[in-house]
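Below are two complexes that have subunit A in common, paired first with subunit B and then with subunit C.
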Partner chain A sequence: MTEAIIVNGLVASGVYALLAIGFSLIFGVARIVNLAHTAFYMLSAYFIFTFSKSVGVPLLLSIALSIVVVTIIGILSYRLVIARIRQHEATTLIVTIALAIIMQEALFIRYGGDPSSVPELISGTTEILGVSVINQKLLTMGVVVLLLLASWALLMKTRLGVAIRSTAQDREVANLMGINVPRIEMITMAISVAVAAIAGALIAPLFVLTPGMWTHPLVMILAVVVLGGLGSLRGSLIGALVLGFAENLVVFLAPSGAFLKTSVALTIMVIVILIKPEGLFGITFEEER
Partner chain B sequence: MISLPVIYATRIYQLLRGEVLIIPARTLILIVCLVLLILPAVISQPLTLRVLIMASIFAILAASWDLLSGFTGQVSFGHALFFGVSAYTAVLLNQNIGLAPWATVPIGAIAAVVAGLAIGVPCLRLRGTYLSFATLAFPLILAGVVMAIPSVTGGEYGISGMDRLSDSRMVTYYMVIPSMMILGLIMWKISDSKTGLIFHAIREDEVTARASGINTTRYKLLAFSLSGLFAGIAGVLFAHVMPTVGPSVLGLTRSFEVIIWAVFGGIATIYGPMFGALLLFSLSELVFTQYLHVPKEAKLLILACLVMLILLFMPRGLTTWMRDKTEKICPRCKLQNVATRKTCRVCTADLD
Partner chain C sequence: MGTIRSEAAAAITEVAMDYETILLICGSSETKMSDNVEEDYDRYKYWFRITPVNNTHLGALNFQLVGLVAKKIGAELLMPPKLAIMAEKASWTEAIVGAAQAFLPPQGIEIVGVWQPSDKATDVTAELTAIKDSGANMIMTALSGPVGIPYARTWEQLEVPAASVGINVMAQADDFFENTGGFGNYEFTLNDYARDVALSDETLPFIDAFIEAKGEMPTYNAGTYDAVYLLKEAIEAIDSLDADELVVELEETDRVGTAGRLVFDEKHDVIWGPGYVTALGVQWQDGELKGVWPPADGSWEGVVYPGIVDYQLPPWVVEFWSQ
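For the complex of A and B:
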């Protein structure tokens, strides 16, 4: 049981971390609360299902294809919809919810409410310290670690990363320094959606796909972001670990844990923000007035 | 000698002509209210009445969200908390002690006020986006607890067999619709009062509001409890109208729906969110299925597309857009005027 908690906790926290990083990246750079973020993750999982099952494309190719397609959809929805209304904060909220609902309902009409599943990329299990772990879960953890390192390197070591971080810090000054702010925002949106799509590709074989699967991760990443502090990479990672493990501990240990897992995870978040309102590693953004 | 009724009638007529009919938006509100009141005489289809009863309960809820989020700027992602707390309070009191609706309404509303204060106090330390994300957590925590103790709350399936407001649907209609109008009027009056002005000030700039000698903490808590009060009334009415009350009253969908209705209608207006809720709810439950024969699966898709398209062209909401097109604010006395006027209707100042 301990090993199940550890493995499932790591997988869940890895996925939450990926999603939360993309979410807080686009919030930090463009101040967009993209509530459709996890809908892109769902879309990617369903595209893999479509390409590999219905069209018959090889699995690896269909994963690559679906990541590209979802990223394009993300960029298009940013250009055509979100960018036009983003100065109205409340409107951005519901337009992104509307986008998510449109995706959910489109998938519902196409596939119905029944759960679908995708074959594993690598099947079988591996023995680690006498515990057999499903290979797909190992792969998921590996890719999560790689992606986290890659996004850290992108943000900290490249010119693009400097541009993204300075735009997040102060748009106007970044603009004055010659950074093309709208372009940076679009690139950030693309990166954020692509990471969500990869997260979707990773969990597609592990979880069942339903058109409502975007809401639970959305709640969790909002909690992760509050817990870890908005705009902090390290915060997102630690927040995701705390909540991912909390959820799995409750599922395995508490009676009727499946009902309570979200409650317990969210209660932890509430307690943390009561003690430390800016989150564990909060970066306070410049006060906007 | 003129009798008292005549004086009152003249006064009402003057008020109507001078303050309501002079502005198209207010005339429209009057017409909508009258149509809602007369409608059962024309269409007595049970479904229509049921949908309108539900829509007006949700209109109260959307307006209460507006009081907290639109006016005071404490954007709440978890408005289902107030709704659900009061609905469950009413259900449990009704089922276990046998309290009648006239008693559960105030108790449920008070429970929601307590819930409002309970989340208002921790949320005082949070601002902006953090606050929104944190408020999202509260109804979901409670929903998990509700589902985990099925012996008390009925678990996933909820509790059914509540006392109705009235056995006749028509009577229920004439109880709920006027309450919606009266509560809406009260909320509009609050938002128009000095308190409402302070709420505006807190949204626009909390630091400046505090610097101007406003106890923002007290007013934010007031906003949380007022909002809780009205949402709580909506929740109790819902509990007494619906056949079952289940954990979905606390769900994410309920919280998001409220925001959709309110923003679609136009925030910081009170009448906007009410209009949004009435319009969108009756569109999806009545017009689409009954009159346009939209297939059930496509209903939500079309509605979401509609909301998105309308907001792309009217980003500040439907009623706000209409108001900006039909009204001008007098630069001198700040009163609304019809957009076609050249001078203010009261102080005759030039309207640009």
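For the complex of A and C:
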């Protein structure tokens, strides 16, 4: 059973980490809590479904097209809506959740409420420590690792990364140093939404497509980033590991309470926040001010 | 008329009874609702259930299907049945899970555990991995929500060596195979209709007309069609819309519907059993939904419907336990 918990816990953590990376990035840089983040992931999954099944475009091309289209929608959402109200945190929360609900209802009108699915990129299973793991999940984990490395390389090794980190540290000073802060924030938003779209391509084949599919992942990634510390990529990874393993432990140790797995994971998050309000790797609210 | 989800139906019932309005339940199975009619007839007499049969009968039906698979496992794999229960956490599954735990072990069916995900769970890999580890060779399902899709998909993807049998409402729909991405073959579920199985003279014409109108097979809650005619005929018979008079007329119902003969018991539940509504066991075989229960040999109460085929164990289950 231990092997199964370890393997399934790692896989579940990878899924949450992938979604949490983009969410954490845009918060870390622009202090935007984008509650529409998982709606972009949902949109990506539905675009892949449409391109590949309804239009007949090959799967890989459908994925590429979907990532591009969703990223453009994300940039437009930022420029036309979010950028104009981002100074007002509460308004940003309400507006981004409204954006998500608009996307949900649009999909509901177009596709109805029946569940559907996106094809897998790779099929089959692999035995790891005697546990069968779906290959699509292994691919997801691999991409999570690659995305984390790419994020680190982008932030630490490129001029754009320096500009993003400067903006994240002090928006006003970055502006005084000649960095085009609004442009950097928009680029960060584009990267964040593109990561959500990649998540849609990788994770959607594992889950079920419904117009409500964005809500549960949103709750989980909010918990992940709050647990790990808002804005911290390292924190997001650790948060995803804690909650992914917590969920799996509930299923394996208390099978008849499997429906409580999300509640238990969220309770762990609340307990950690009560002890350490800034999260495991976050900035204290006092420091932020 | 309506509705799916017993929790919602129970709430609607109270409002309908406050207004002394006829309510024909089509879609939810909780027996506590029909118990109300027996316990407080004057208030709840306006309540009737057309589809599905109540969850006590659903439990009994489930046991019939489980029995069929257990017999097959005994005959083909030469091993005693070991059952895992996978039931979403909802009001309607409580009686089924409780009854299974109470009645199946004395029948020689060992229960290795109960897994209860949310009806909206999007991933049940951990649950199925645990079931795989448990040594179960059968899984009894009680799933009505979208969880039925990831369940069936992951069950075949992981080749869990346990035959799946029970209730999976998502597997009743024609687009189940498409929704699972082509997985879920050999999923065995209770249903009210199968394409080639005539439960009454009305079944096949209704199925044909439904497919022509909707482009897909009807699922269990299509019994609403019968409910509409039931009410229409009752209103015409008494030439009145008076609710109390309609109750008397509906209580006398004896009508052949699309899913069998509709007669209400004293609790205003549609009667389940030979000669009445029986329901069907249906299995996905090579991408098609086939009727497999009641067995074609008439071994269940002598009931035989034309169009029934043999149940098949999933080949990966046979292969795993044969090694």
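We adopt the following convention: the second predicted complex is superposed on the first by the 264 of 289 C-alpha atoms of A that agree within 3 Å, B and C clash if a C-alpha of one lies under 4 Å from a C-alpha of the other, contacts with A are read in each partner's own complex, and residues count from 1 in each chain.
Following the convention adopted for this analysis, a residue touches a chain if its C-beta (ideal position, glycine included) is under 8 Å from a C-beta of that chain, and two chains touch if they have at least 3 such contacts.
The structure presented is a predicted model; accordingly, all values stated were derived computationally and were not measured.
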First (subunit B), second (subunit C), both or neither touched by A:R234: neither
Partner chain in contact with A:R84 - subunit B first, subunit C second, else both or neither: first
Touched partner set for A:V219, first subunit B, second subunit C, both or neither: first
Touching partner for A:R183 - first (subunit B), second (subunit C), both, neither: neither
Which superposed partner A:V95 touches (first subunit B, second subunit C, both, neither): first
Subunit B versus subunit C as contact partner of A:V33, first or second or both or neither: first
Subunit B versus subunit C as contact partner of A:F259, first or second or both or neither: both
Partner chain in contact with A:K157 - subunit B first, subunit C second, else both or neither: neither
Partner with the higher number of touched subunit A residues, subunit C or subunit B: B
Touching both subunit B and subunit C, residues of subunit A: 256, 259, 262
Subunit A - residues contacting subunit B, complex: 27, 33, 81, 84-85, 87-91, 93-95, 97-99, 101-102, 105-106, 108-109, 215, 218-219, 222-223, 225-226, 230, 256, 259-264, 266-267, 269-270, 273-274, 277-279, 289
Subunit C to subunit A touching residues, read off their complex: 88-89, 113-118, 120-123, 125-127, 129-130, 132-133, 146, 149-150, 153-154, 157-159, 170, 173, 175, 178-181
Complex contact set, residues of subunit B against subunit A: 69-70, 75, 77, 122, 125-126, 129-130, 132-134, 136-138, 140-145, 147-148, 205, 207, 252, 256, 259-260, 262-264, 267, 297-298, 300-301, 304-305, 307-308, 311-312, 315-317
Touching residues on subunit A, where the partner in the complex is subunit C: 1, 4, 8, 11-12, 114-120, 125, 131-132, 134, 137, 205-208, 210, 212-213, 216, 247-248, 251-252, 255-259, 262
